[in-house]
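Here the chain labels run A, B, C and D in written order, and each chain numbers its own residues starting at 1.
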Amino acid sequence: MMLVAHYNYWVVIALMMIGFYVVIVQGNLVKKLIGLNIFQTSVFIFYISVGKVAGGSAPIYDPEVTLYSNPLPHVLILTAIVVGIATMALGLALVVRIKEAYGSVEEEELQARDLEAEDAQQKENQC
Amino acid sequence: MMSLSPQLAIVLALALPLVGGAGILLSGRRPNLREGVTLVSALALLAVVATLVPQVLAGERPQVTLFELLPGLEIRFVVEPLGMLFATVAAFLWPVNSLYSIGYMRGNNEQHQTRFYFFFAVAIAAAMGIAFAGNLVTLFVFYEVLTLSTYPLVTHKGSEQAMGAGRTYLGILIATSIGLLLPAIIWTWHLTGSGDFTPGGIIGDSLEGPLLVLLLLMFMFGIGKAAIMPVHRWLPAAMVAPTPVSALLHAVAVVKAGVFSVLKIVVYVFGLDTLRGAPGVELLLYAAGFTVVAASVVALRQDNLKRRLAYSTIGQLSYVVLGAAILAPLSVVGAALHVAVHALGKITLFFAAGAIYTASKKTEISQLDGIGWRMPWTMGAFAIGALSMIGVPPAAGFLSKWYITMGAIQAGEWLALGVIVISTLLNAAYFLPILYQAFFKAEQGGGKDHGEAPLPAVVALCFTALLTLVVFLFPGVPFELASHLGAEAQP
Amino acid sequence: MLNHLPILQVVIPLLAAPACMLLDRARLAWLFATAAGLATFAISCLLLYQVQHSGPISYALGGWEAPWGIEYRIDLLSAYVLLVVSGIGALVLVAANTGVSREIPEAKQPLFYVTYLLCLAGLLGIVATGDIFNVFVFLEISSLATYALIAQGKNRRALWAAYQYLIVGTIGATFILIGIGFLYSLTGTLNMVDLAARLPAIAGSHTAYTAFAFIVVGVCLKLALFPLHLWLPNAYTYAPSIVTAFLAATATKVAVYLLIRLQFSVFGEGFAESALPLDAIFLVLGLVGVFVASLVAIQQPNIKRLFAYSSVAQIGYMIVGMGVGTHTGLQATLLHLFNHALMKGALFLALAAVAYRLGSSDIKAFRGLGRAMPLTMAAIVIGGLSLIGVPLTVGFVSKWYLVLATIQAGLWPVAVLILLGSLLAVVYVWRVVEVAYFQQRPAGLAVVKEAPLALLVPTWLLVIGNLYFGVQAGFTADLAGSAAAALIGGAP
Amino acid sequence: MTLLALLVVTALAIVWLRDLFAAVMVAGIYGLLSASFFVSMDAVDVAFTEAAVGAGVFPLLMLAALAITGRYEDTRHKRQLSSLVLVLVTGAMLIVATWDMPPFGAADAPAHQHLAVRYIQDSPQEVGIPNMVTSVLASYRGYDTLGEVAVVFTAVVGVLCLLSLGRGTTQSSGPAAMQGHVVLRVVGKILIPLILLFALYVQFHGEYGPGGGFQAGVIFAAGIILYTMLFGLDSTRRVVKPTLLRVLAALGLLLYGSVGVVSLVAGGNFLDYSVLAGDPVAGQHLGILVIELGVGVTVAAAMILIFYAFADRGGDGGA
């Protein structure tokens, strides 16, 4: 019973976690953003699932229809989608600049280069 | 001047040094003017404080509330005998010390003299604040101001050594005050809903047994300036500072502020009756006693003159704590008196040490053979100071020791008595050899040819030496104030 | 117009931003932005006055009454935080013109002010709103603006820091979004007051617990609560000095506000105690944060970074106050929220002045500054003393209440640890003092002049605030007291 | 059900793919799938938007960025285990959370019993437009939407801060990718006006069917971007000037805000459209019309500007 009742939610959670995993594990900055996108999109799916009413129809007024799905989650998610893509754009712009400044978009390499830079400065300070 | 209202007098006592400080900063370019400002404000302060003495002796307790720090937490000042005594000592020694400083700082053409005089003035203001503090918070506030304002004086030379000393100084004093004193104050606040100093104490029976003793010890060790072992290290470390600063630390303000706070808290926060008979309260007595003896022993083994004096101070301070810990009115009187007489004696000794350094650049005791003949005034004064430390008539040191001893006998604290006897011998053991060297040994060759230190310095130290004798013969004001305190301690 | 103050508070900077975009002159943009900032500050003062005299204000946006429409709800707490944020925001704007002149190319400065205004509007919006989803929207406005602001730093690591913050921030925001989703599916509402009314009914459910947990974690990411603080030091270090001054004094404060609002107003005190002992967690994390961050701060060669870590430590104190969970504890948190804004505002503005003259915040740059830039260094010293908690500064007031709270609650060890923590502050502050006052400026370097008035005046206004509210703490203490009382009862 | 399964598959595929170009494409598919899932959940507006964003804007930006940052990620990975644990714990918590959630699709779930009721029953009368999503979006929660526009605006400002557009024409190497293909250009010439027309339709039809300012803006931008691909960045920038776009992006938000201010002046609360006209419902109509326009303008301008910014750096227009 419960399995049927919550099947959707569990799949959605699985999706979220896949996205989340990509975000924290991947070293490539672009890939991280892709993961972030999946993570957020899954959350959107979750909201929309919450808004579904079995047997309801799209919340556009129609004299014949009596049962509508819940419009509120739709509204929230419309906003959230826009927020998500805005974040994406900014993130990508950062990645582009990082590439130009460091010549790489791999987390580990960036850290390595910063360390080099620090050591160089240390030496500079000594002499 | 006598028409000055006491409230105004209190405010002035705090303001004058600060005004002086401002003047010093402004006149920094012109040394003579600057020193002029220092002396004038010092004397003005003395005059103002003097106006308060008769009223306090007449049993009045003038008070002012400046402002409310937090809801219920006021910056409040009340003048009672002990504070009056401390204030008088500080206000009295500031001009003397300034006079001496002028000679010393110029004699050794030190750097940053403006900074020196400025922070000195601030320190005096802080001392006044501590002396007149009407509640624990006010005391704490000015206690911290004193610490911070003396830090630049300790690190005056700016050398690595001075910096290190500064760190120890600040480290210990801040650590103890924030780590122990502040929580103790907040605890008291939490218990009694107030921190006002009231004769007979405010703790009453709101706390008993071990907790009471814990609070007591938090206070006693929280007041790092009282230099009870093991929180005494900052004092020897601070020896790198110029001698006038040492004088300030040891005689005028800092350590006095420490022992003053100890006395004040024992008498006005706990109250002798509350403490008497509380199990474990003798711990304080032991700590003080140990410090007295241990410090004297260490002093014995110092060759550097100022370091020996420093350890002697640590010992002498714990006399005051001892006097408080005996919990007898008489001993409290003695303790209060000791604040004053030790100040006179010790400042004389430091002035002398400084004068020797200025004149001959000698710092070690082993170098002092025969110096008595080159600097008769200085070493004469030194002798008087030393006698006062040991507690031999006709030096004032005798008085305070006498009363502490009486108190010990009255309270049947034989341990304390023993401590006093032993330490007196030790004091003699580390002071008399110096005098012997100075007057009865022949000077080694090769030393530079020199006479007395610059006149202001010599005048200053002779003056204080003279006073130690005068106070013995005519204890007058200090004694009366002290006995008033004794009366309040046992209402 | 007076009854529209709540919305004007947020909308003025929000609409000033696009208007600012139309002015393409750096100086013009600055003047305009500053005017908007000052107006915002004035409004926050009026709001506080209104709330103090006529109680909480509710404002129905779009004329739709709550919970159907979005509600703006200004009570004492939000008015208090609005005052802090808009005050600092305006003050930093005043200093900005000079502050950014050496760090951001002229051509980009108009956009800088646009972003700044958006960030300010976002932060204010979070505080003003009474609708939990609206919180998310304005959180994102401020966050996106923040990422852009941080990325303006000269050092390339600013970009890297901004990116890391973007990832962490977005994860945090998404967590909050998930939490909101659960809450909505349980209660069918988004309005905070409405939620508070409906949550007790379902307090026992796992869904509610998880919602609570996710929201708290999400906010704590923004708040940089140890161990979720890793984004903060780099962000603060490499952002333009002006931005650091603004963020350090406002952004984390708003996060703290949000945490308090959610824990006490929405979920209610001890909502999930049985499932997750939040108070204990806060106490522990707060204290660990204080110590770890302070110890790290002590070793930083870069002063900006040093104070960034100190911020993490100070946030620890605020969280400890919440962890104590008593009226006094919360009061201490709120007080420190205000006081810490004053301290860090002053310190980072002073650092901005140093950066303006020397183009560096490395400790080596501070040698001999005591003589070269006396006023700036004096500001740093006073700010530092305030961090330590020396009497007559605001820091002392915070410490007093925090320790008092712990003692009242009988949490002795905590009290001791708090005080030990402030001793660590002595160490890292004194490193700066010693270098600045007791080391000579190496010969051969260019002569350094005192910072320009445009920077000194705002800095000193904050320093004076540090002293004034340290000596006359009545105003803040009472305000924080009654705000706390409104949240968890107890003697106001 | 199958849709969800497909979503999982695509998501996993993205995890495994090392070729970012492919990953982005799959992500696009993911967007499309979720869009169709939204349709099956009766969320037509969301589906429309997700399709435009997830399968349109997102991959476009990604490709534009990839053109600069390089196509392949290197395979080294770090601290996988700890992260895996973290992810599993988080997931477990969420699963636990769902236990006490109302069953999927239940009509009596609290979510549908409280606010939604009024939106569904009264909005057609109160706001007077059939599309409830639009009326909630633009009126009941119109302030959120203002915030949403502000977010878009913030993003574009941020992007411009980071990737400043060179004024006037940069190097002549506009995105010439498809400039050669005569056929494409002819088709494009016919197609683009239609796209823009469709955008306008979506813009003003949003009250009745799915659609609205945001979708319209995206579509409009798509038209322009297509033009860029066919006729090169420079020629496009001569037609649609960045400076103009900056002004438009700002104006859109201001337009939205000014509606709120006007309603203040007219004696209502901020964004209370009812006071804009004699009859409340007419006022609602007017207000929604104007703010949707504001949304559309800002979104379109923002999208094009962002695309410019990337194309400007990338050199090959991300095509």
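Keep this in mind: contacts are C-beta pairs under 8 Å (C-beta built on N, C-alpha and C of every residue); 3 or more make two chains touch, one makes a residue touch a chain.
These numbers come from a predicted model, not from an experiment.
Note on interfaces B-C and C-D: more C-beta pairs are in contact across C-D.
Each chain gets a centre from its C-alpha atoms; the one nearest the centre of all protein C-alpha atoms is C.
The distance from the centre of chain B to the centre of chain C, each centre being the mean of the chain's C-alpha atoms, comes to 44 Å.
Between chain C and chain D, the centres computed from C-alpha atoms are 31 Å apart.
Computed from the mean C-alpha positions, the centre of chain A lies at a distance of 14 Å from the centre of chain D. We define each chain's centre as the mean of its Cα atoms; on that basis chain A and chain C are separated by 26 Å.
The set of chain B residues touching two or more other chains is empty.
For chain D, residues that reach two or more other chains under the stated contact definition are 94, 98-99, 101, 109, 111-112, 115-116, 119, 141, 144, 147-148, 151, 154-155, 158, 162. Of all residues in chain C, those touching 2 or more other chains are 133, 137, 140, 144, 147-148, 151, 159, 178, 184-185, 190, listed in ascending order. Which chains touch which is summed up as A-C, A-D, B-C, C-D.
Those residues of chain C whose C-beta lies close enough to touch chain A in the complex are 133, 136-137, 140, 144, 147-148, 151, 156-157, 159-160, 162-163, 166-167, 170-171, 174, 177-178, 181, 184-185, 190, 364. The touching residues of chain C, when paired with chain D in their complex, are 1, 4, 7, 11, 14-15, 17-19, 21-22, 59-64, 67-70, 107-108, 111-112, 114-115, 118, 121-122, 125, 133-134, 137-138, 140-141, 144-145, 147-148, 151-152, 159, 178, 182, 184-190, 202, 205-211, 213-214. Chain D meets chain A in the complex at residues 1, 4-5, 7-8, 11-12, 14-15, 20, 23-24, 27, 30-31, 34, 37-38, 41-46, 49-50, 53-54, 57-58, 61-62, 64-66, 68-70, 73-74, 76-80, 83-84, 86-88, 90-91, 94-95, 98-99, 101, 103-107, 109, 111-112, 115-116, 119-120, 123-124, 130-133, 136-137, 141, 144-145, 147-148, 151-152, 154-156, 158-159, 162-163, 208-210, 214, 299, 306, 309-310, 313. Against chain C, the residues of chain A that register as touching in their complex are 16, 20, 23, 29, 32, 36, 39-40, 43, 46-47, 50, 72-73, 76, 79-80, 83, 86-87, 90-91, 94-95, 97-98, 101-102, 110, 114, 125.
Of all residues in chain C, those touching chain B in their complex are 385, 388-392, 397, 399-401, 403-404, 407-408, 415-416, 419-420, 422-423, 426, 430, 434, 437-438, 471-474, 477-478, 481.
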